[in-house]
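Each structure below is given as structure tokens.
Heads up, the next two complexes both have chain A, just with different partners, chain B and then chain C.
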Partner chain A sequence: MSRTILIEKKILEKNDIAAARIRQKLIADNTVVVNIMSGPGAGKTTLLEETVRRLAGKINVGVIEGDIATDNDARRVERAGAEWVVQINTGGACHLEAGMIERALETAPRGMQLLIIENVGNLVCPSSFDLGDDWKVVMASVTEGQDKPKKYPGMYRKSHALVLNKVDLAPYVNVSPGLFVKESLEVNPALKVFLTAATTGDGVDEWCDWLASLKKRPASV
Partner chain B sequence: MSRTILIEKKILEKNDIAAARIRQKLIADNTVVVNIMSGPGAGKTTLLEETVRRLAGKINVGVIEGDIATDNDARRVERAGAEWVVQINTGGACHLEAGMIERALETAPRGMQLLIIENVGNLVCPSSFDLGDDWKVVMASVTEGQDKPKKYPGMYRKSHALVLNKVDLAPYVNVSPGLFVKESLEVNPALKVFLTAATTGDGVDEWCDWLASLKKRPASV
Partner chain C sequence: MARRAPFGYNGCMHELSVAQSMMAVALENAAANNAKKILRIELVVGNMSGVSVDALRFAFDAVKTDTIAGNAELVIRETAADAHCAACGKSFEAGQYDFSCPACGAPVFPKGGDELYVKELEIE
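Moving on, here comes the complex of A and B:
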């Protein structure tokens, strides 16, 4: 197994070098990069559609969509009015890597204030890969159940914020949003928490205000 | 990258050898092995609790629970009346491997007719690892959205059956179970389909009848 671990380390090192180049490239325009991660079907794309609609005309937003297959999500976000969208298909890989982001950015316009990356739907692997992002967000759906933060602690620990979505479905499932948040904060007390129902718009304004307020982190952090 | 691919191939070869040993071990008792996979929160454990309750006294069922962390699920299934349950914690790994199953089986009693493995909640990586299973089942929640089969085609292609769960929530989300099934069958027309609501018990009897009817596959397949 030691050889395998060595190779994994090399992949992560190569990833980190690409992530550093992304930071270098985006510092000129002061582009804030947000990496949104979740399991499949938490509602990332629906939240992004609503986000892009609300921020249009206020700040210049670009979006990178990550999926194993299909370009559905990029088309949805484009229709919502995003100024620049790229779909990455990983062709089987369970996460985005910095090299994929770097290639996608070759066609990016100048002057993006905010770049949102929607990662592949997977609560495990994406958290291990630095995408040159400033802020990592874990998104969850109330319907997943409040046991998930402690069952997927790595993702919750590495994130700066939690978006707990589909709170409108809480009355129909045996899940308490309050307990879900409590369990999340026990894994990572520093999480900034948003309760949303992306399909009804509840809580989306607060999330957008936070996004618009984010500052770029110093490259050394 | 060629070196990385070589190492991946070696990991899979090692996995396949352990899977073959599991088949060899379980053939004596004619134990049918079912590997259930899904994204986080599709309802695997709730379905398993209901399954164990219904099959108790009819067939001898063992369960292996896979999670990154916690032993919640094993305790839940044990309380439901499973005769033998083992919790595997992968400690970060995003899937179960045959070697983990082989070690868990060291404490297994003789005479198990059905062994159900609940994989780590992840719609991508678990499908690549043969666990010595006879039947692979993909489980999905209606709330995930009907675009998922085509966005995670590998998992749907490798599975023999689909359990589409939480159909009771369909009225509250913009998802049609019928369309979800249609999209799934377009990816894999051979899927045996079950519509369930594990929390209300709807459809669980049909699923249990199917489980009880399953035959062991010949080791060469």
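Moving on, here comes the complex of A and C:
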């Protein structure tokens, strides 16, 4: 005889529990966690290099780099002067999960004020996984085209801020940064917006000021 | 020195990892209820959860083999986000790609639709 049992259990419960443990661990040092997500090549690592250069010596920044393979990005950020960098290789997975962050944090030093996580370059999957982060940032480059916010709305809806990068290339690719931002705000009007050219440093100071001003968000539900 | 944390996980769509988590929840609960077989797994998946139902079905077929859910039927109940138009007052169920009100065209910002859970199991 068959019977039906009621379960009502979240599928990503294990991920959510690991994320809660990360928050619990990092609350001791009041470490603010920022999760940066974008499609491949938007300029996350370039922005992080510039960010670390500017913030080094002012605030204690740690970085976790997520990539399918290679530790190029961690090396780049380390050369830029980050005090603590770990490379996670997902070995094929298109996103980071909280369990990976938890393991990476085993070697973290005490006293980190800001932990920046560079997610795997992917516009769809990363936003489904809570990493114990306080702030989610979607990064885009103007070269992707201004239709992307509405083609990939999930990540824009879940994020607190948008960094629109490579604005130096806008004239060459026939994209209007203003229109890109407008399209983004039509998906999520609460986005805090930064326009940057990470390679020239344009707009990076404003972004760093914002990062330095962030507070840990009170643990919600 | 930059360190590298290895993760032996393969799969390039996140529905595979969602399917694995879903299967783990199902198998744990089946075991806790002394089930010999899982006949049906019922999920609730919101249209804003970021999970594609087709990809999830595909991934389910890959992860169910050699488990007691090998012949299980996967039932997926899809839920939708709610949208309310501040301009004209219309309320409607919103899809992932709805950014404006179907009645008056004003921008709307859907809420909810994030559900992603195992609702029930039929076991024997």
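As a working rule, the second predicted complex is superposed on the first by the 209 of 221 C-alpha atoms of A that agree within 3 Å, B and C clash if a C-alpha of one lies under 4 Å from a C-alpha of the other, contacts with A are read in each partner's own complex, and residues count from 1 in each chain.
Methods note: a contact is a pair of C-beta atoms (placed from the backbone, for glycine too) under 8 Å apart; a residue touches a chain by one contact, two chains touch by 3 or more.
Everything numeric here is computed off the predicted structure, so don't read it as measured data.
Colleague: After superposition on the shared chain, which partner residues are touched by A:K58: those of chain B (first), chain C (second), both, or neither?
Modeller: Neither partner.
Colleague: Applying the touch criterion given at the start, work out whether A:I88 contacts chain B, chain C, both or neither, answering first, second, both or neither.
Modeller: It touches chain C, and chain B stays clear.
Colleague: Identify the partner contact of A:N15: answer first if only chain B is touched, second if only chain C is, both if each is, neither if none is.
Modeller: In the superposition, A:N15 touches chain C alone.
Colleague: Which of the two partners, first being chain B and second being chain C, lies in contact with A:E78: first, second, both, or neither?
Modeller: In the superposition, A:E78 contacts chain C only.
Colleague: On the A-aligned overlay, A:T107 touches which partner chain: chain B = first, chain C = second, or both, or neither?
Modeller: After superposition on chain A, A:T107 lies in contact with chain C alone.
Colleague: Does chain B (first) or chain C (second) touch A:K192, or do both, or does neither?
Modeller: A:K192 sits against neither chain B nor chain C.
Colleague: Classify the contacts of A:N174 with the two partner chains as first (chain B alone), second (chain C alone), both, or neither.
Modeller: In the superposition, A:N174 contacts chain B only.
Colleague: Give the label of whichever partner, chain B or chain C, reaches more residues of chain A.
Modeller: The partner that reaches more residues of chain A in the superposed model: C.
Colleague: According to the stated criteria, A:K150 is in contact with first (chain B), second (chain C), both, or neither; which is it?
Modeller: The answer is both, since A:K150 touches chain B and chain C.
Colleague: Does the superposition put A:I7 against chain B (first), chain C (second), both, or neither?
Modeller: After superposing on A, A:I7 lies in contact with both chain B and chain C.
Colleague: Touching chain B in one complex and chain C in the other: list those residues of chain A.
Modeller: On chain A, the residues that contact chain B in one structure and chain C in the other are 3-4, 7, 10-11, 92, 94, 124-125, 150, 153-154.
Colleague: Mind pulling up the chain B residues that touch chain A in the complex?
Modeller: Within the complex, chain B contacts chain A at residues 3-4, 7, 10-11, 39-41, 67-70, 72, 92, 94, 120-125, 141, 143-145, 147-148, 150-154, 166, 168-169, 172-174, 199.
Colleague: Which bits of chain C are touching chain A when the two form their complex?
Modeller: 1-14, 17-18, 21-22, 24-26, 29, 33, 39-40, 43, 48-51, 96-97, 99-100, 107, 109, 116-124
Colleague: Flag every residue of chain A that touches chain C in the complex, lowest number first.
Modeller: Its residues touching chain C are 1-15, 65, 71, 74-75, 77-78, 85-95, 97, 100, 103-104, 107, 124-125, 127-129, 150, 153-154, 157, 186-189.
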